[in-house]
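Next up: the structures, one after another.
Here come two complexes built around chain A, the first alongside chain B, the second alongside chain C.
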Partner chain A sequence: MRLPSLIREVWANLLKKPATVKYPFEKLPLSKTYRGKHELMRDRCVGCGLCAKICPAFAITMRSVYGKVSPEVDLAKCIFCYQCEDVCPRGAIKRGKEYELASWSRNEMIVR
Partner chain B sequence: MEALRKAEENFVVLKAFNDLVLDVVSKDLCTKCGMCVSSCQVHAISMTDEGPKSVGPCRQCEACYYGCPRSPATSEELLKASLSSEKKDDILGSYNKIVSARTVLSEVKSVAQDGGVVTTLLIYALEEGLIDGGIVASKSTIEAWKPVPKVALSINDVLEAAGTKYSNCPSLVALKDALYGYDLSKVCVVGVPCQVTAARNVKVQPKAARKIGDKIAFIIGLFCMESFPHVKLAQFLTSNGIDIAKVSKFDIKEGKFRVYMGDAEVLSVPIRNLKDYANRFCETCRDLTSWYADVSVGAIGSGRDWSTVIVRSDEGAKLFDGAVQNGYLEVKDIESDGIESLRKIAKRKASKN
Partner chain C sequence: MSSIDLIVGPIHPALHEPERFVFKIDGEIVVDVEPRLGYVHRGIEKALSERTYIKDIYLVERVCGICNVAHTLTAAQAIEQAFGVEVPRRSKYLRTIVHELNRLHSHLLILGVVCELIGFDTLFMLFWRDREVIMDLIEMITGNRVMSAYNIIGGVRRNIGDFEVTQIKGVLSSLAKRVKQYKKVFMDDPTIRARCAGVGYLSRAKALALGAVGPTARGSGLELDVRVDEPYAAYDEVKYCAVIYNDGDVWARLMVRLDELLASMEVINECLDKMPSGPIRVPVPEAAPQSAEGVSVIEAPRGELIHHVYTKRDDDKPFRYRIRTPTYANIPAVCEMLKGCYIADIPAILASIDPCFSCTDRAALIDTNSGEKRIIDILSLARRSKK
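What follows is the complex of A and B.
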């Protein structure tokens, strides 16, 4: 009795569309609050350093570039909690949608 | 030596909360508007009746200092440049048009101070979805006539907050609840000139808490000659044999401070008798008509039960004209002697202080 039901099951599943998405060619829509790679808005940042102070993973360092202090996020350390966005008084850090962040070099893991 | 000089040049003076205390609070300039509390992202400031108090470690982000309407960093040029109005006026601020208006909604008429324009604009914006909520001054349930900051999310909330309380209210503290508690993204701020300046500051001043400014959709300003601390107002009434809990309405009209119980007027004294009771920080204010609001509303210049409305910006025009076109408000041209008397009183405030 068990075998026919099993065959029926297999037969039904063979004809079904796959439940998974063919990932690199096809992508799922992201949620509105998705936490991807950071978008840093230079014109808004005044270099107060709150984001670096609050970061629980010590992923943010303040660097001076041409006399302007602004944050650098090390994605290799980042845990994507986005407390930096919450704490930024000037709204200079935005949640990005980019999530393909693998890279061959550590340098490329830094968002400037 | 050279290195020392270079280091000195690069040394930036941070304006932390203690600088705010030094430059504003200890000089009796603080208006207790509440913007510093909302600006602080590490919740280190709390508002008391005496002014802002530090309740946690300051992280020196400078947001409170640059958002403060009374801080030396507040730049009038920057604020003025943010308004795209046709007419520039030194006394009434820059504006597009001045009209008289009043509400047509009967439920507003019974509770509003003058023409009910502020309450009606809020109702229109809420119903139309232009805003998610409003920052208003509601009445305390514990102390009679003490204004308390409130986030109005519904028409009932707005109606509850209608009517003028002549005490200063730290309304902008409620911005914190609105943005981080209720997670609103479009709010309308209602306030007196100092609060309006603070709200405009966070929209235009690069070092202020621009995150808050992004979420302020409209700023409605009230005309304001001065305000009275709640304790002193209650004292003044007691010395005149009136219990503040029984008062139904306060009003300042034609230079007189009037107190109503039920429908009867129980006190009418010239406003100059109350000079000693007014807030000290009002002495340095020159702004009567909320120069940096999108729409300013007040009583001076229009007849009984009408409000004078000054539309100053494109957003203000969108809000006000929308409410008129959708039949929430009726408008008429303001009489020329209305503008004259408004100008006269505004000039008096601007030159007195």
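What follows is the complex of A and C.
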């Protein structure tokens, strides 16, 4: 009976650090291009509504607050494709790095 | 000779997605099998013709999560053909690179799953550990681990620079060494040979007759690979030859995937070396400039994937959209493989075609060999379970 050739790999892994990380305490680094929670810059927004028109998941609505029309992103619907960032003529939508988006209420899922 | 019906699914621990199979068994041996598809039908084709082209790209991405790049690439190519748009050469190379990275992670995933199903958990863990580095590469290039949102009509959305090129090359060279080691394990490990060799046999003639595609067909000795037969994207400029195994069993289909991992890495390296500079996307009109038809065929990780689109002039929605996915083409073949096998081998055989049922569901299928269709209502199912 021959020793399976995988046995060396198994022994090597016993001496190595685990390949996984202890998630809530330790986090993996994110890439520069990561698409997380949106950062809306309302001062740059001109309220053109292109982002709401193009959104594939119908997650963006234009809402008027104190006379200024600006987008609201519903993260419960959002698919994080960032097509809205591509079409924005003023660069008012930025990719954020936040990815822990679970929440107890739907209201908290809306980025204003 | 009487046989017993063994019902597996729609929800069953051996299946990863809802699908029902009725196995007619005689003792431990499967005599006949009757699949019932349609549990995850989502009406995507109709939804596609109610949305604009830009939104369609993101919807076809969700036909299948694992081969999402394959779907967006096919859709983009089909729509570009209908629009009469030629994409820049650099974007073709970038598409090829991300498509092959997608294939790497898909193949590593299914190899791990098969190892788990045949009871080789160590190798499952190792495959999935190595898959993680590919996921990190995809995240670095596209911005997300799985849903890449990379291809778009007229090109790709993100460029890569020198840093990314060196990163990809470094990761691939270390991964290639490990894959070669796993290949050696697959060649001579007694556990894998005992569970996979000679199991789920599909002859070359049967594979051809039943229309098998992808690694399933190539494992039975059929020379079917869209990358070779009808090169798309940058495949006409890189060297690639199809991986063929003649054994026709589960082992051969897994070996095809292992060898394709190595072949894919060579394609990526060649693309990175040859990649021309220039723009990565061209502007494309929102509405179709002409009433036309576009067909695109590519080699997805599971086999041949076809998207067919009809456009209507000055309309920003497709008139009709048709998708034909590889798992759907492989279902008759897997039914043939299952005949004559042991019950314990069913999960391994099913997994060896790399089934993706959410791709598959759009119509009911009747086994043509038995020619009969039987409907079991919920009451008789309940009665059966009480026996």
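The criterion applied here is as follows: the second predicted complex is superposed on the first by the 100 of 112 C-alpha atoms of A that agree within 3 Å, B and C clash if a C-alpha of one lies under 4 Å from a C-alpha of the other, contacts with A are read in each partner's own complex, and residues count from 1 in each chain.
The rule we apply is simple: a residue touches a chain if its C-beta (ideal position, glycine included) is under 8 Å from a C-beta of that chain, and two chains touch if they have at least 3 such contacts.
Remember, predicted model here, so these are calculated numbers, not experimental data.
Looking at the overlay, what does A:P56 touch: chain B (first), chain C (second), both, or neither?
So A:P56 only meets chain C here.
Looking at A:E108, would you say it contacts chain B, chain C, both, or neither? Reply first, second, both or neither.
neither
Check whether A:E98 is in contact with chain B, with chain C, with both or with neither, and answer first, second, both or neither.
neither
Check whether A:Y34 is in contact with chain B, with chain C, with both or with neither, and answer first, second, both or neither.
The second partner, chain C, only.
Which partner, chain B or chain C, is in contact with more residues of chain A?
Looking at chain A, the partner in contact with more of its residues is C.
Which holds for A:D86: it touches chain B only (first), chain C only (second), both, or neither?
both
From the superposed pair, tell me which chain A residues show up as contacts to chain B and also as contacts to chain C.
On chain A, the overlap between the chain B and chain C contacts is residues 54, 86.
Give the list of chain B residues in touch with chain A in this complex.
39, 41-42, 59-63, 206-211, 214
Would you tell me which residues of chain A are touching chain C in their complex?
Residues 4-6, 9-10, 13, 19, 30-35, 54, 56-57, 79-83, 86, 95.
Per the contact definition, I'd like the list of chain A residues that touch chain B in the complex.
My answer: residues 44, 46, 48-50, 53-54, 86-91.
Which stretch or stretches of chain C touch chain A in the complex?
51, 54-55, 57-59, 62, 122-123, 126, 129, 132, 136, 139-144, 147, 149, 157-158, 181, 184-185, 188-191
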